[in-house]
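Which chain is which? They are A, B and C, in the order written, and residues in each are numbered from 1.
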Amino acid sequence: MPQAAERKALATGLQKLNENMLTLAELSELAVRKAVDGLTRFDLETANEVFTLDQEVYGLQLEIERNCIDLLALHAPVARDLRTITTSLKITTDLDRIGRYGKDLAELTLQFRDKPVVDRGDVARIREMADRTISMVDTAIDAFVRRNAETVRNMIEVDDAVDQLHDENFRDLVRRMSEGQLSIETGARYLLVNRYFERIADHAVNIGLRVVYMVTGDWLPRIRAADRAKRHDGTKEKGAT
Amino acid sequence: MSAKVHVDKISAWYGPKLAIQDISLDFEEHSVSGIIGPSGCGKSTLIRCLNRMHETIPKARVEGQVLLDGQDIYGQPAVSVRRRIGMVFQKPNPFPTMSIYDNVAAGLRLNGVRERKKLDQAVLESLKQAALWDEVKDSLDKSGASLSGGQQQRLCIARALAVKPEVLLMDEPCSALDPIATAKIEDLIFDLKKDYTLVIVTHNMQQAARVAETTAFMYLGKLIEVGRTRELFERPGETLTESYITGRFG
Amino acid sequence: MKFPVDRDTRRRWFDFIMSGATLLCVALALLPLGSILFEALVRGAPALTPTFLTQSSLMGGIANAIQGTVVLIGLTALVALPVGILTGIYLSEYGKNRLGGIVRLFVDVMTQTPSIVVGIFAYSFIFELSLLGFFPPPLVFSVISAVIALATIMIPIVARTSEEAMRLVPTSAREAALALGIPRYRAILRVVLPSCASALVTGALLGIARVGGETAPLIMTAAWNNDFFNGLNQPIAALPTQVYRFAVSPSLAENRAAWGASLILVLLMLSISIASRAVIRMRAVRR
């Protein structure tokens, strides 16, 4: 009976997709972890490994895209299958980006080679950003693997904390550079590190929200704290009349 | 906002056997509604209760109400109900001894319309609406059986439209047709919905997804779920629905 | 002993032999019909003189018998066809219940009633009625009596064949008509009946052919009339009875005349059959 046969082919395709997605997620997370490790310990060897990982991530992402398009074309999936496939298609972008930022961090590590970070405060701040970010990536990927929407529903709030931290670091770095406590070159690199972590966290949030859609069908809007505040101010002004 | 057709707790039997149970749903005017479900779930029985064709089967019985514009069709003469609610069947069934013209005109003629002009007009309009006019305009006196399967089905649609119904019921209209004929009929359905209210029974889910705005899923004689087609196919509410549409059983 | 040829050739031989055997059987089946026509033609043709055909039996001709047969068939058809077809309609369209089953049983039994019994029935029926005062006794031997008998034979045949003919019309045609809001009786009359028109005509023909050749009931009811048709309440001549009378007559000339009458009877039945087929073909071509 045609229906039964389609199920087998589709099920096989979905299984392969899932396996690939798991691998991709693992590679991306590994890239970030290794990059952070290399950065905080100034281990150039570790940093170099990240470049290879990034290549793998990119290649796998392309393959997954092709898989998804095939499944859509051949099986006209609906409901959960449809949501799984389209979510996977979108998440690969986020995972690829996460891997890429890992690579960017590794590049910075190589640039820091001659001028290692001495200030304990800086190291501590980098560590903190790194820990929070990796935790978010971990949560998001875990939610995807287990198809669990609950753990990621509040990712936006967690992201707010990271954004705040990012803003604080930014202001601090700018102050130190303008006061001459920090060379422009070093400061610029620190700004980039700061930025990369914030972006990785953002992509982790994307993944989390998409997992919610995949599992439940609900769309959670992605409104960041800054925008929320702006909106609030806007309405306050309008409401004044 | 009341619906064009409101089905209220319809149950139907074939002799002692209960075929559908306590079905209630609405069909909006100028829309296409699809009814899907595995074989034997009662979708054909349900649709036949909508124009009182179910009772033409010996020992068949119906309980409940079907309101057309607020009036129960089971309280009116069946013949007048069927003039307002038309039907197209699974296997194209043009009248065997009649020409194309006679087939389309049959509904009017056999209800007393004799004026040649009126009949000509109706035949022209209906065949045009059924997207068949261009193909048969020069051979209207040829036998209805001389057409291809897809053309025959469009002929049956034209015949049903000729009596100017308000609702058109289609019982798996494309089952016996090839993909191109099917596509033509689906295009036709798309065009017809602005003038008629259509209800389509189909065992092909993708077809329901393509043509229907609202879809109802039936299983073992019961209505399991009904909703906007987009919602049903993206995130169905019932596990049973999801299992069926993803092909996990069928 | 092993066949010296291979399987394929064996199969072809077998096929050939079977085809031959089938044709042989067909020939055997057609033999009686063929010989009847042949004999009738050969023996009857010499008897067909103009006087023979135009004079009544008073003068030794069969004109009145021909007329009698035509009159009897005509009147019987007039009565039996509507009744038979309506019965067929009932059985096919409305008779799916127990009552229909009983009616069908009766009809089936009636088709197998020996025609002499039907003749006696008609005779005594009229006789009883005349005793009760409805008709004067002489009516017992009359056209009316004969028509009653012949109709009793023809109605069940027409009923059954009409029912079978209507059964041939697929349910989908009826459903299509009903779904258009056409009342049931009109759907039957204007859609179902026309769809099986040729089968209905065939059924009517069967009935007419059967009735045209019946002799026994005519002996009991129509009796004999040496003159032409002169009233519904009078006896009437007919070809079958004429053949019988000629055949049992001691006169050799009349025996020969029997063949002439037989030939005419056969030709009459044949021409009815051919004419109706022509009508059907004309209807079909026009479509």
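Convention: a contact is a pair of C-beta atoms (placed from the backbone, for glycine too) under 8 Å apart; a residue touches a chain by one contact, two chains touch by 3 or more.
In this text the structure is predicted, and so the values were computed from the model without any measurement.
**Q** Listed by label, which chains are in contact with subunit A and with subunit B?
**A** Chains in contact with subunit A as well as subunit B: not a single one.
**Q** Relative to subunit C, which chain's C-alpha centre is the most remote?
**A** Of all chains, A has its centre farthest from that of subunit C.
**Q** Closest chain to the protein's overall Cα mean, using per-chain Cα means, please.
**A** B
**Q** Quick one: subunit A and subunit B, Cα centre-to-centre, how many Å?
**A** 51
**Q** At what distance in angstrom does the C-alpha mean of subunit C lie from that of subunit A?
**A** So the centre of subunit A lies 94 Å away from the centre of subunit C.
**Q** Centroid from C-alpha atoms only, then distance subunit B to subunit C, rounded to Å. What do you get?
**A** 46
**Q** Once bound in the complex, which stretches of subunit C touch subunit B?
**A** The contact residues of subunit C facing subunit B are 96-97, 169-170, 172-173, 175-183, 186-187, 190-191, 194-195, 197, 287.
**Q** In the complex of these two chains, what residues of subunit B are touching subunit A?
**A** Subunit B residues touching subunit A: 205-206, 209, 233-236, 242, 245-248, 250.
**Q** Contact residues on subunit B for subunit C in the complex?
**A** 51, 53, 56, 58, 79-84, 86-87, 89, 91, 93-97, 99, 106-107, 110-111, 143, 156, 159-160, 163
**Q** Contact residues on subunit A for subunit B in the complex?
**A** So the residues of subunit A in touch with subunit B come to 1, 3-4, 6-7, 10, 76-83, 216-217.
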